[in-house]
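Below: a set of structures, written as structure tokens.
In the two complexes below, chain A is the common chain; its partner is chain B in one and chain C in the other.
Let's turn to the complex of A and B:
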């Protein structure tokens, strides 16, 4: 992680502020910054999304390909995550500097999506043993201003929600060889169960959501959890070296669950609203 | 059960343009690095340009053209801080070295603060011993924020700082903000004690310090002591409001002075502090501030 150093005065100021439920930007502990999202902004991809939250800027592109299923999982398709920390975000990401963080984020994503309740890989199967869809999710971190995990989680869900997979009209086995016909129509993925990621950062004796870069420096440990739309938690990862007491941990999980449900509902409403603009919607992209 | 505030997700299509002052008709011509400016020989080469082998003048930075008679220069859109002697700056210690500290001041190279150009505890005329050299980290360590003045500039453009006046020195509790250095004009004073009770340092280098308490004036120990006691909630709210106001002004490209900051602070009073992060409110506050600045 790009290391920002703070002086002890600044740290104390942040710490006492969080203690008083009043953060440096006037937010409460459980308050999210407002975010901005745009989907389907890259015509070259099957689905894409860009998310701003504070200074954090995430771009997600999704590509779909025909592939052969794994031999041990013949009925399942494939879903792969790849995270790239761009050196434009911070000079610390230059060369191999961002690799650790990138692996960490993709591992969290894999853990969040691996359960069948969240993402059923069987829906990606076309012909068992022969053909399946493989979805590549490419995450590009353009700027980091704190709370990367949540931002990536939201952006990935939005991108998957906008993904359009070509419809298959006929899939037959022709003398052992698969024969597949695609139509021009597209189908959308069923995103109703996809998780989002919520990070709770423990600072002092309290925990906060959506930390800024400065607040992340003050935190000793944080929990990254993925919450499904039905309120179930599909994965929990603890980051940082600090310890968390069991009581606090359960309270954090509860808070994360409620906020996750809320965030998920808001996100889906907004994406539905964007969908209603249809294909004539103006794309902002990067030129503004 | 605790009540959680709503989460706001916006769409890019509803984005609000925060750029207030714009000429609708005039599109500025932006040069990119390496782009040809002129191939005529009758020019004087200014900042941000270079002449290649074929005697054509090319831009070396991305920016807009500025022409004074024959002198052609390119003013960059976004630049690091170019120091000048006498500037007040806010900086962060990045390294402790032999007899000097390295300071991040938003310029191209790290600036230096020599051990001989700080006031050590024990008065002006104190000799610096070898022991002082060994305990430098006790005075200032990595990550500490200081306020200093530019003493001289080196040939390569890096700066030498000093804190030999009692108003300079280590900063304790508060918030540091980074804005573009172009937003801060050189003024008679960069230290402001605002009526609201906070102290404000507008560093020429684009780093801004919002100090939580005024009682920072005790500099008898060379200003290296830090007050780490709990700040009252009222002061904290003032600091947070100031922070959000300054960021609003910076996003809308309004010059930062004590007047503009005070105006923005006063105009923002009708909103809650956390509402100041929302674009609609940002535009309202900046418009009101802009109007008051024009009326002046």
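Let's turn to the complex of A and C:
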């Protein structure tokens, strides 16, 4: 993501294209670029997914470990998000350069998954006060070509969908000490309620989804919202310096909800389709 | 701790079924990313490394100011490991900035400075970013190989391939006989073999162009593990250079194939005219 600099002429060209509902790459305002997704490609993790959309490249790895619940939430497990903006995306991310963006993205993820309607942390509890699962969701941003939030949201959901947690055969308290037996079988997480993230980017009088880098430069404000599969919105964040009228804001939320429902359904269908190939599926990773 | 019994050789075979001088399968892809000036991805067995190269460009920030040498280009390397890259349930706390990564960055820089024609890039900087996606032994050597490929993809002139390869002397107390093939060191160790009590030498060499002589210049050599007796060093060196030569042949083939693929449309174009 070398810094994109556009002249005012170029910006006006993009703006007029959006006004005419015909963007530079031929898409309409509410159309996504085509995505490529592959799950379970890292055998040393519990779950993983790679998402490629335009020039954006995201890799998510999930690791699960046993932990002790928080003292104030003894019945709940833990879910932690960590985002790493790799310097492979742009030299500006070298060292600590990507930390600001990383924190921003992980905050959106935390907000999206925080509600109980989305992710019930109680399902991760094994023995109250003693043992629970801790899920680390680690997002690695390898390349950014616009629309990072949506891409991360989809990749995280796909990775969680592929996550396999060891089954617990026995969990007993042995003289106050937890005694847990793990089986070789695995269970999958129930991803039916997990949110995805939709970014609506306001350019001129209109708003678009899935902006490219050039389109992002033209926008002064955008709304990042997380939509649950039942149509509920679990979080809304406004980014950028511009302001949004209340009426426009409501319209954008409605629009985001419709797109979110569609995207969610498509994603789940695709993941189901991929799952049907079973364990014999060839893994491409980055070799394709 | 890995049990020593598992490493015991069975008819000269290693735990994963390889012979002493056998490498893991190497799979290569150049030009993975569109935005970077050069990029390469390499798989050596389960070790997966991604490298991107940016530059040559104007020096940025502190690296540009602090340097007193303006007659040569600057090489800037960053070695980073994905937090989920480690094997077996472990998770890394920080992707970069720890002592190990910093040491790796520095060694990578030395290796790359040895092959790039820096004198033709005064007042410029070349960035090499390594991202280890999955780690299963010999990751430093794999990242040197990937970085070489990424440099080639970026079109930066290099003198020779810098090839990394490890040789591990599995110091097994039950193996007394010196004639044993594994006793003299195994090439391209995986994680289990690296953990054995013994010594692992990571070597970066510039193998000779002429593939008949298994010889070359050693640029970086780093030992880890126990002490190594000097009498064994020569045989290890011979072995590791043999391995470097093999890897070079594989990478050279991959590069040529990639370049042919890339140049095909333009060749057609010439033929049509």
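Worth a mention:
Rule of thumb we're sticking to: the second predicted complex is superposed on the first by the 285 of 288 C-alpha atoms of A that agree within 3 Å, B and C clash if a C-alpha of one lies under 4 Å from a C-alpha of the other, contacts with A are read in each partner's own complex, and residues count from 1 in each chain.
Basically, contacts are C-beta pairs under 8 Å (C-beta built on N, C-alpha and C of every residue); 3 or more make two chains touch, one makes a residue touch a chain.
Just so we're clear, the structure is a prediction, and the values are computed from it rather than from any experiment.
With the two structures aligned on chain A, chain B clashes with chain C.
When the shared chain is aligned, chain C comes close enough to touch A:44, but chain B does not.
When the two complexes are overlaid on their common chain A, residue A:282 makes contact with chain B while staying clear of chain C. In the superposition on chain A, contact of A:216 is made with neither chain B nor chain C. Between chain B and chain C, the partner in contact with more residues of chain A is B. In the superposition on chain A, contact is made by A:10 with chain B only, not with chain C. Of the two partner chains placed around the shared chain by superposition, chain B is the only one that A:32 touches, whereas chain C remains out of contact. Legend: residue contacts after superposition of the two complexes on their common chain; A:150 is shown touching neither chain B nor chain C.
Taking the listed stretches 60-68, 150-158 or 186-194 of chain C in turn, the superposition on chain A shows a clash with chain B for 150-158 alone. Touching of chain A by both chain B and chain C, each in its own complex, is seen for residues 288. Per the touch definition, chain B reaches chain A in the complex via residues 2, 4-13, 15, 92, 94, 142-145, 171-176, 212, 226, 228, 230-231, 233, 236-237, 239-241, 243-244, 272-274, 276-278. On chain A, the positions that touch chain C within their shared complex are 1-2, 42-45, 48, 55, 57, 59, 61-63, 65, 82, 84, 86-91, 94-95, 136, 138, 140, 142-143, 145, 285-288. Looking at the complex, you find that chain A touches chain B at residues 5-10, 12-13, 16-17, 20, 22-28, 30-38, 41, 50, 255, 258-259, 262-263, 266-267, 269-270, 273-274, 277, 281-282, 284, 288.
Listed in rising order, the residues of chain C touching chain A in the complex are 27, 29, 32-36, 39, 41, 43, 46, 48, 50-52, 54, 60, 76, 78, 80, 82-89, 91, 95-97, 127, 129, 131, 133-134, 136.
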